[in-house]
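We just call them A, B, C and D in the order they show up, numbering each chain from 1.
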Amino acid sequence: MARAKVAVVGYGVIGQRLADGVALQDDMELLGVVDVAPTLAIRALHEIGMPYRLYVVAPEQKAAFDALGIPVSGTLDELLDEVDIVLDASPGGVGQKNKAVYEARGVKAVFQGGEKNEIVDVFFHGYANYEKGVGRDYLKLTSCNTTGLIRAVDCLDRAVGCERVIVTIIRRVADPGDTHRGLVDVAQVEPVPNHQAVDLMTIMPHVEATGLLVHVPTTHGHIINVIATLKGEMTKAEALELFAAHPRIRVVRIADGFNSNTSLFRYARDLGHKRADMYEIAVFDETVATSGRELMFAINIPQEAVVIPETMDAVRAALSLQTDRLEAVALTNRYLGLG
Amino acid sequence: MARAKVAVVGYGVIGQRLADGVALQDDMELLGVVDVAPTLAIRALHEIGMPYRLYVVAPEQKAAFDALGIPVSGTLDELLDEVDIVLDASPGGVGQKNKAVYEARGVKAVFQGGEKNEIVDVFFHGYANYEKGVGRDYLKLTSCNTTGLIRAVDCLDRAVGCERVIVTIIRRVADPGDTHRGLVDVAQVEPVPNHQAVDLMTIMPHVEATGLLVHVPTTHGHIINVIATLKGEMTKAEALELFAAHPRIRVVRIADGFNSNTSLFRYARDLGHKRADMYEIAVFDETVATSGRELMFAINIPQEAVVIPETMDAVRAALSLQTDRLEAVALTNRYLGLG
Amino acid sequence: MARAKVAVVGYGVIGQRLADGVALQDDMELLGVVDVAPTLAIRALHEIGMPYRLYVVAPEQKAAFDALGIPVSGTLDELLDEVDIVLDASPGGVGQKNKAVYEARGVKAVFQGGEKNEIVDVFFHGYANYEKGVGRDYLKLTSCNTTGLIRAVDCLDRAVGCERVIVTIIRRVADPGDTHRGLVDVAQVEPVPNHQAVDLMTIMPHVEATGLLVHVPTTHGHIINVIATLKGEMTKAEALELFAAHPRIRVVRIADGFNSNTSLFRYARDLGHKRADMYEIAVFDETVATSGRELMFAINIPQEAVVIPETMDAVRAALSLQTDRLEAVALTNRYLGLG
Amino acid sequence: MARAKVAVVGYGVIGQRLADGVALQDDMELLGVVDVAPTLAIRALHEIGMPYRLYVVAPEQKAAFDALGIPVSGTLDELLDEVDIVLDASPGGVGQKNKAVYEARGVKAVFQGGEKNEIVDVFFHGYANYEKGVGRDYLKLTSCNTTGLIRAVDCLDRAVGCERVIVTIIRRVADPGDTHRGLVDVAQVEPVPNHQAVDLMTIMPHVEATGLLVHVPTTHGHIINVIATLKGEMTKAEALELFAAHPRIRVVRIADGFNSNTSLFRYARDLGHKRADMYEIAVFDETVATSGRELMFAINIPQEAVVIPETMDAVRAALSLQTDRLEAVALTNRYLGLG
């Protein structure tokens, strides 16, 4: 069977990782990445020999790349002739404009969390609602925090049922290297509920959710404290066993040195992962506690890479590569080396 | 009636503020402050004209002060002759050694949160268990986080009863100007439960408590997300009303600009408060939410000054200045300009 | 003689401090402060009893203050009837628009560093070029870094002459409480030369200047490393003596605990200074070194308050309160408690 | 010819990178790495399949590894039987104790910057004084800052001669993931001169050097502003050309997005470098400026990996693999993919 033909539009923090993710899927083919200017990410791509073909949005953007000797293979318009689906990782809000282009060309697309739910057919999470995305044209992924959170909650929910979730999100306020946003010596509080709780309820309508979000001056991963009210009893050991069995969740111990968001980033560096990325969320063993039917646990969300697996799932769903949820996520996991 | 004679031992972050607090109590007299070296805090005291008399612990420490022209009024030993009670704000663990000295001299003492519970008669909180401290010799205050947390929980508990508390503490990792501790780009996770939850249960044994603590790179106040299971129903409006009526709690709105720990610090600066301190904890209005009998709310704890009012209460209790809880805290509040 | 009638337009970080500065000058009268919305700074002013009269720019802005019970005394237009001079501390660029209003009304004005040099008659520094401002209508202060830097360089220049200055500015990237700007785990480099060096040459055209500026994630003061090529020899001891004799410069020692920008902020807190502000720059004793005719030293610039004294000087110059430089700065210093 | 047999003692931040560096040298053989406990770095090594053999220092340390299923190949004592040279990357001060062991066994060793100069025969820098290390038994590398600084100064010195260097070092205070050190909202000033200037003079005794060091709350690289007094004239273009031709120096442009220490870290991530490391220092093009015989420029020092190339040079020198400086560094560069 022919491999699915994929393009990535927007070669930023997420777009770079989507391209790498697609390149790892044996049943997908990355036809090209699209950007509008020779950013550092594009320069790095050039320095390592252009493993991906590069396209611009408008022809006049080509000159800036030419000046640097960076080969451009054509325009988005030309690329759309060849692809089955676009992974749109444009800056928030731009995807909405791009959708009109994709729609006019009859090309399916998967958008990221920065776009509005209204522009798509399905608000999607590979593990939680894969079936809803099968065969649909326009999907939107949950944001990084929500993607990771739902992984953990869905895992519990499928085991014993989950009624309610209250989260406290300690949110990294910038990515490494950002100079356009940041906080210094400030923990900034957002009104309750945060959008992640609302989004979780959209994806998992049978769960009641609320929570607080506080922005803090870090760059290497969000920490979420989750209090889940389960439908049945579950011991700490059982919860840890469930989490450990999940291919996209790592259980780590503070006592071993995994004592922070950044310890996980550092560990990913030491594993030799590309860009020091990690696809898995982590559950800190010593933060898991139970009280009646309530399970409390803290997780780490590696914001730059966490949505890549679920976006691969989205391609599988939209193109009906697999109609079965578990079959789909298992393939994504295998190609990404998870589990 | 004669004013209570008070000494402050240890003129650091807490000791400075205790001294100022005592000086504001009309029925107390600050006989002196004690330290071992001419720190910046002592130099500042000198620059503003030595409003408090200064004592050293050992006679040989006097030379360093003499060299700078900073007058020393004597030794701790001499000071103990004159005082009714010592507020010990020594570095954690030193208070334990000092206690033997106070005991030998028959002087009462109040210790701070860095000491062990075992060295005192009562683990004390002005609002929550004032009566237990009345007439006792050695009291220990709750730590900054616990002091602020108990204020809010006690307030709810006395109104409708509180069964359980789950907290997520986003802890500032250093005080402004500290160079001996800190974190850079790290959110560090501690095992559950945190000591604040355990301490809360010690002070309020009828409440079940647990929680997570995460250290973050900020200096201007802890943020605690509290989930309290109440014994009765309470609306958001009722909760806000209760909090607003508490002399040691401020209700603030994110929409007004109180959107962080540091906004409260900045506000205290603009109020002209000495050292930009604030005695009150703050409840962020937009973070208060209810779900059945559960009330969720986020508070800000100004770590440097928050324990001052409850320490004044402790003096009142230990010396039996007042035997009635509400009478005692009301006097403290009046002299500190609270409520 | 009648006191000079002064208004402050813009009650933000700088405007608040200008208002307090004017209020301390015996020969000036603060007629009012102007703002457009009930910010936290205005709320704090209200909480402490409105020591200053408040005006709005447009009548329709009054409603928001009325709703909070904050008394408004009138509009900027009305206030301009009564004043001799405006201290404009509006956000950068707004001063330019305001100038047309002041000009139409024949009112003098002093602007801050965020405005362009072109809109004023004189780019002003109290110590370095007071005479140029005497009797002029529109003056602009140097920015915080430049103000502090020129203090030190002018001090050396008047003693032995200064030919050249090379600076490395380690710039705090936000003020305490800012949530609209910041950096996390980033030291951001600007192209050489920085504007401070260029500005220094504008004020002191006989000095050649250049330098590097690096933004770092701190809020409590800039650090500048200065390498000054002097016209004559000067020992470290002589340099320290000169600096120590300057009323707007403090000489501090790392060995005493003044080991950082934030140690000075903390010291100002402990001195009981309003808002923990400091008008003086600090020279770190142990960073002063000589090499032939080159003098190297590091200074701390308290960015929020450092321009207040020189702005008071500007009022004196513009209104010809004093025509003599030293007489003028001496009066400012006396009223601000400097020296 | 047989490959040089190398051991790495201490598998921390530097030791891990030394091991990888040795593994890349075709004429060296990494016989094993030594550590005392299953740190995260060792766990990562295990997770990726133990590409290096692991040894413990004391036999009783083996149990902890056994418990985790991490294979241990023996003890340091056994490893010393087989190796020609040890790269000691133990915590500062431990190397001194280890030296006695190496000496007793007649094994050569290269130490890192945390050890004292007194314990070695030569204080070494691959480019600046390679010849001094040839055939010697015990070498010590310059620290990360000094290593990078000397690269740039030596490059200028060999071209036109350098008389004097004044540096301002903006030092990252912790490595990513560190929880045992850090600063929050503080720029901490050290007395002049910093040890890097003193070290530079030790390696390059014909250059006079001094400078200031300021610790700032970042983790991704030091920034050094260098003012070099050259013996001849050099234009900015010539300086950039020299730097660009150096295999261990990158010239980057702020205008292209290389505007901070962290932009370089991010770029290394995007290049797919292991651990997001970079061996090269970077010169920021727009910070290079001249004034007579003085050349000013700012460099970025990637503190975790910068010493690896010069340590490989040290092996070449100590074992007399090459006696010619340029031949030696060229081989190191080729195997590390530099230039």
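Methods note: a contact is a pair of C-beta atoms (placed from the backbone, for glycine too) under 8 Å apart; a residue touches a chain by one contact, two chains touch by 3 or more.
Since the model is a prediction, treat every value here as computed from it, not as a measurement.
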item: Graph separation of chain A and chain D (steps between touching chains); value: 1
item: Between the pairs C-D and B-C, the one where more C-beta pairs touch; value: C-D
item: Centroid comparison with chain A (C-alpha atoms), farthest chain; value: C
item: Computed distance of Cα centres, chain C from chain A, in Å; value: 47
item: Separation of mean Cα positions, chain D and chain C [Å, integer]; value: 43
item: Geometric centre distance via CA averages, chain C-chain B, whole Å; value: 36
item: Chain A residues counted as touching two or more neighbouring chains; value: 172, 176-177, 179, 184-186, 188, 217-220, 259-260, 262
item: Chain B contact footprint on chain D (complex, rising order); value: 172-174, 176-179, 181-186, 188, 217-219
item: Of chain C, residues touching chain B in the complex; value: 16, 38-41, 43-45, 47-48, 176-177, 179, 184-185, 220, 256-260, 262-263, 265-267, 269-272, 274-276
item: Chain A - residues contacting chain B, complex; value: 164, 166, 168, 170, 172, 185-193, 208, 210, 212, 214, 216-221, 223, 225, 227, 254, 259-262, 284, 286-289, 291, 296, 298
